[in-house]
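In the two complexes that follow, subunit A is the common piece, with subunit B as its partner first and subunit C second.
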Partner chain A sequence: MSAAPLFRLAALIKKELLQILRDPSTLIIATLFPVLLMLIFGSGISLDSTVVRLGVFDQDGSPPARRLVETYRHTPGFRVVEGKSTDELSDLLRAGKLQGFVVLDQGLGRQVLTGSRVRPVVQIVTDGAEPNGANFVAAYAQGAFAVWSEQELARRGYGPRSPARAFSLETRAWFNPSTKSRNSLLPGSVTLVMMVVGALLTALVVAREWERGTMEALLTAGVSRFELLVSKLIPYFLLGQVAFTICVLMAHLYFDVPLRGSIGTLYLVGSTFLGGALGMGLLISTLMRNQYNAAQVTLNAAFLPGLMLSGFLFEIRSMPVAIQAVSSIIPARYFVTAMQTVFQAGDVWSVLTPSLIGLGLAAVGFLGVTFFVTRRRLE
Partner chain B sequence: MNATVIRLLALIKKELQMVIGDTQSLRLLIAPVVMMLLVFPFAATLEVKNNALYVLDRDGGPVATEIIERLSHTPAFSQVRRLRGEADMRAVIDRQDALVVLQIGPHFSERVLAGQPEPIQAILDGRRSNSGQIALGYVQSILAGIPVGTALDAARPPLVVRHWYNQNLDYYRFILPSLVAIIATFSALIVTAMSVAREREQGTLDQLLVSPLTPWMLFVGKSIPALVVALIQATIILIASVFFYGVEFRGNVLSLYLCLVPYVLALAGIGLFISTVCSTQQQAFLGVFLCMMPGILLSGFVTPIDNMPEILQTLTWANPIRHFIAIAKGIYLKASLVSDFTDNLIALGCIAVVTASVSLALFQRRLS
Partner chain C sequence: MNSGAVASTTALSKQFPGASRAALSEVSLEIRPGVVTGLVGPDGAGKTTLLRILAGLLLPTAGTVRVLGSDPGQDMETLRSSLGYMPQKFGLYEDLTVAENLNLYAELKGLRGKARAETFERLLTFTDLARFTKRLAGQLSGGMKQKLGLACTLLGTPKILLLDEPGVGVDPVSRRELWQMVRELITEGNAVVWSTAYLDEAEACDDVVLLSEGNVLFKGPPRSLHARVEGRVFLLDGASESPRATLRKARRDPASLDGVVQGKSVRLIARAGATLEPTRHGVSSEALLRRVAPRFEDGFIDLLGGVSSAESALAQALAERPRDGRVVIETRALTKKFGDFVAADSISLEVQRGEVFGLLGPNGAGKSTTFKMLCGLLAPTSGEAEVAGVDLRRGRAAARQRLGYMAQKFSLYGHLSIAQNLEFFAGAYALTGKTKKEAIERLVAVFEFGHYLDTKAGELPLGLKQRLALAAAVLHGPEILFLDEPTSGVDPLTRREFWTHINGIVERGVTVLVTTHFMDEAEYCDRIALISQGKTLAIGTPDELKAQAATAELPYPTMEEAFIGLVGRPS
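So, the complex of A and B:
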């Protein structure tokens, strides 16, 4: 390349950078959005239940039954509300004021004493409309029940060793010993930031230029397709790196997510994914040439798959095979795997190499198609 | 018919033409609904299924064999694979093939039979800590079900667990009603915020403001297209969830549609507010996005609101999505009555009134 085209390219990039600096909304998205998202995923989104409002209806009133109610009261995580009837409690459950309730049938005390097993005497009802909460309520209510029945058995002279204790598990979590869901959520959620800054922002800005005809004006003025694409790519690539750096700093320094891999690997992964995201944004804007439609398409083609199918929030292996197949062509999925690995496990190349190949292919593919489509649209 | 009504109708007609007038726009409003309907109910699951369970059995005795046999019959694990040694174990976890590896120590069976059981080691991949813990829960409940002392089993008072409204705790039943809220958010916010921004970019907003239409009529005119779009999208979702996914609608359909009105008005108010502080379509879209993302994430759609820190829980009262998700799930799945949601409806009304009056005041100040 001779000096003149290089000079022209530099001028184009400079123009683009000036445009970014002039419109505050672009910079706000690139800096405020990562901070906001990291704060939400770091402290707002939690899969660990904290307080459960549990209703209790004691129809029996015998000493063992009262002791069971007390056990529920003293179980951490339960806030017990005593009800006067099953109807009252089911109304509260329907209105969402309770997450579950326990009904102690008449005859519970007698049954504890005689040891007869005529019919269930304790019923745990949960709000199945909230599956995650329902699982938690059921598990904890059963746990508290087990504690109580151990104590009742002990009162009647049975030994302290129970069947549940015969086989116990000793758990160790590799890479994330505290098993904080935040440690995997935060590196994964960077996907969303990259999708927004890389794909959405680029799609909007470039679509506006198509809408206003400035892209065509540049092309007819003798700027080559290559120069045009590169001049769009470089400024937004830099903007993406800023957003990526904010995410990494927030995750590592503010939320204490351990970073076991090297910074070099981290940025290699980030840059490769950013390339694909930018390519996607450029492609959509070139095809749509209208801000409103480009925004809608990016939201549905880039952002939502990044949220739903990338595996940082929902387990890919639990999805049906067809959906798993769809997820395997989504670059975000490889990015999430790579990010979680670099943060928590380190530079494990047996995982990173396939992910990087996937991300690289996506980047080359999207940019290549955009290059091709740009010419076609002009003719 | 008096002049005001005619003017209002003309405005609504014009607005509707902008939103669903041409086929590309119409397609872009329907396509996401179809896509979300096909993907979300399957993808948004916190269940743990289809994983391979890896076991490093250093014992090989009868009790270990029995435990492995029982674990291979649970839906959480599609297959049970044996590992040969420590190096194997490290490899399957590094490559994310294994979510959980169980390690049974030497002489395990001998010790259990002698009445001195030792713990089984479970190693889980901390990168997927949440799924790992759910899977461990399954393992634990299976271990607890293996009978050891039958005399003790008989002495326990029996207990039953019932999950109301969703017996098997299927996630798709939980997702579908929430989708009505999510999709309405997308379109209602974008339709209102972008339409005002577009008018401003094209300079037609000033014309509207000096026309005989009162500011409140303008608000109504801008909200009705959003309402129409939300109603169409909600109907598509409800039809698909009842007939395609087979999720029974337990409550009163009419009351759900009724509650959709204050919800869309609240969204329209927010959309209008965004458009008053933005000067271009691009800024309006980014503004919508900046509001919508936290709104969806902190609505109870992804994780329950009860799990959030106290301050955030209070803040979510200003989030219309939170209120409508509770209403939609309640009416759809639990046959809740509108009166169960008085608080939520009042909150939606307040959001609509506050955002709309602030934005209209801002408009008027700009005009004078």
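So, the complex of A and C:
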């Protein structure tokens, strides 16, 4: 390449940077938006249950039954409300004052002592209208029950190797031992920031050039498509990196999300995805040529799939097969997987490599198509 | 092909996919060096398409185009430094300063080092922008933006300059300066193409290419168009009636080809070989005809075969209102502030029933703000205004029912048909049932929409769009009609038809308020308020304003000269 095009490219990039610095809305979107989004996903939205009000109706009253009630009382996250009848607890559940209740049958103590298993002795009722919450309540209540039965067995002299303990189950969540949903939500939510800064902002700036007639002036001044695209890519790539860094710092330092992978891998993942997002934004604005349409299309083609189909908020494996297939062509999906891996598991290349390939293909694809549909003319 | 031409086209056609007619059909022309070539025509004539093809931004569907010996569609690289193109919206970055804009385009055109410094120096002095280098382009006035756009286009000293409607949105003072700049630029070797919808700009060009709906109607020096009507253009003065009534009667003379109101006179064109005898057709006997020099527009009208009638079917369909000389619009110290900026500064005026009143002023002068306050779209900051007997501070909604409003560029729904548009506007004016049906039927008959009822408004030819916009504004029989630059960018025939209707309904007692920076439209007004920097500079009839601006050097100024004189005068 001769020297002249580099001067021209430098002039175009300088112009773009000046525009970014002059326009407060661009800077606000690139800096304040990541902070707000991280705050929302870090503290506002949580898939964990915090304090569960659990009703208990002890019909038995025997010492083992009382010990079970005490176990519930001492389980972190439960606030036990003792009731006098099933009806009373049902009413409280309906009123939303309880998230679930447990009924201890008469004869619970006797059955524990004799070891007979005639009929269910502990009933757990949860509020199915909130399936997520209901699952947590059931799981915690079962967990507490398991702790209690182990203690009862130990109390009666069964050792760790005794046959009576052969069926005891131990659950442990790997990678996110404290099962804080924040730890997987925050790395995933970076997708939205990258979509807004990478795709939406880029789509708007190119469409703006068409709307204001400056594109015509640039084209007649002999700007090539390479210069045109690269002069948009570089400044917005830098802006995207700023937003990405803000997200990472917020997640790791402010919300204590552990970062088990390396910084290098993190930025490799971020940059590859950003390349695709920028390509998508450029492609949309090249085709739309007006800001309103560009924003609409970007919202539908980039932002919503990033939110719904990337798997950071809604589990892909629980989606219908057809939608799972659709999600496999959404770059955001690979980004979410890669981000969650780098944060929670580390540089696990067996997982990261396929994701990076997917992201790389998306970036090359979008940028390549944009290069070919960009015309030096108005048609 | 003339070897001396800087650019030429041969049988050039352009058809956009999906468009009902060709944007350009078989256009052949030559751009000579050393002169300004005017590309003249109404909106939609194909001016921008032609310029874009010359600049290499569009490819022709058929025919050939040569610019400086190359094909611009193929050799954009080689033409880059020798072709300057200024798009309609200047091609400026509004969030960059004057200097940053210039630097960007200088880099793009490879202008560096000492040569750049010298060029900047020359251009900044030339455009008088040196004081504003640190100002953002978006904060410049329309005229200064246009000058900066021109300066950016001139970097790299192009041999051919393509300017797309540089005179739009620019007040007459700046427009005159722009013309002077372009005149100074012209040398032996380079050429300027100036596109415009203003016919008065055509007079200033050396060569003119007149386009209409993609066809070349005329090419050559504007004088040769004048020659067509030489000796056939007259002014009719001294009639006892209003110029509008005089025009209507004078046009009954079969010898008349065209007529327009010009201040208190009427301008008439006689048919070739015929003699005008207006007094035999009802014009009062004191009226005198005097022969005047033709304008470009007179020749254009002759080329188009003249205007058939000066009778308005719309006026006949309206009820007569008493012309009692009552004041129907009155403002006292009407003021509008946007933050610290005073957009309209104690405007006081009175408009009588049956008057055509014009608000004339440069862009950003405050005429639109005043206009919007009067039609109840904007609440005044202070001052009083009464429109059709309603105090605007209290009953803005009530006043609106008695007003008709026609926005700039016809605010029609492009995807709705004529019938659907009329239906919608009737509903918006709260017409229902039989009244609504009758109102629509009456206007369909008046404007002869019959064949086009189901055509989408966006696909209508300009003339019909203009009719539809007027129909939508008068559906409910308003007392006062507000027109915002009603005929800017339309062809002279459409403009005449429009003013025939307006003159007709004014004769029936409707009051009309017009904003414009279009001098021709100002001539149609009974009285004009000249507004500049938020203040009224002068109020009077067009002839009074001209007399006010008259000087020893310029005893009979045109409306434009009067405007420049009055706005430029230190107050």
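Everything below uses one rule, namely that the second predicted complex is superposed on the first by the 255 of 379 C-alpha atoms of A that agree within 3 Å, B and C clash if a C-alpha of one lies under 4 Å from a C-alpha of the other, contacts with A are read in each partner's own complex, and residues count from 1 in each chain.
By our rule, a residue touches a chain if its C-beta (ideal position, glycine included) is under 8 Å from a C-beta of that chain, and two chains touch if they have at least 3 such contacts.
Since the structure is predicted, the reported quantities are computational estimates derived from the model, not experimental observations.
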Just to be sure I read the superposition right, which of the two partners does A:22 touch: subunit B = first, subunit C = second, or both, or neither? second
Tell me which partner A:33 touches in the superposition: subunit B (first), subunit C (second), both or neither. first
Tell me which partner touches more residues of subunit A in the superposed arrangement, subunit B or subunit C. B
Taking the superposition on A as described, I'd like to know which of subunit B and subunit C A:219 touches: first, second, both or neither. second
Looking at the overlay, what does A:341 touch: subunit B (first), subunit C (second), both, or neither? first
With the two complexes superposed on chain A, say which partner A:255 touches: subunit B (first), subunit C (second), both, or neither. neither
Need the overlap of the two footprints on subunit A, from subunit B and from subunit C, as residue ranges. 23
Which residues of subunit A touch subunit C once you look at their complex with the stated criterion? 4, 7-8, 10-12, 14-15, 18-19, 22-23, 212-214, 216-223, 376-379
How about subunit C: which of its residues touch subunit A in the complex? 52, 55-59, 73, 76-77, 80-81, 83-96, 100, 103-105, 107-110, 112, 136, 152
Flag every residue of subunit B that touches subunit A in the complex, lowest number first. 24-25, 28, 31-32, 35-36, 39-40, 42-51, 67, 91, 93-96, 112, 117, 119-133, 136-137, 139-140, 143-144, 146-149, 152-167, 169-171, 173-174, 186, 190, 194, 198, 278, 280-283, 285-287, 289-290, 293-294, 297-298, 302-304, 306-309, 312, 326, 329-330, 333-336, 340-341
Touching residues (chain side subunit A, partner subunit B) in the complex: 23, 25-26, 28-29, 32-33, 36-37, 40-41, 43-52, 90, 93-96, 99, 108, 111-112, 115, 117, 119-135, 138-139, 141-142, 145, 149, 152-153, 156, 158, 161-177, 179-181, 183-184, 192, 196, 200-201, 204-205, 208, 291-293, 295-297, 299-300, 304, 308-309, 313-315, 317-320, 323, 326-327, 337, 340-341, 344-345, 348, 350-351
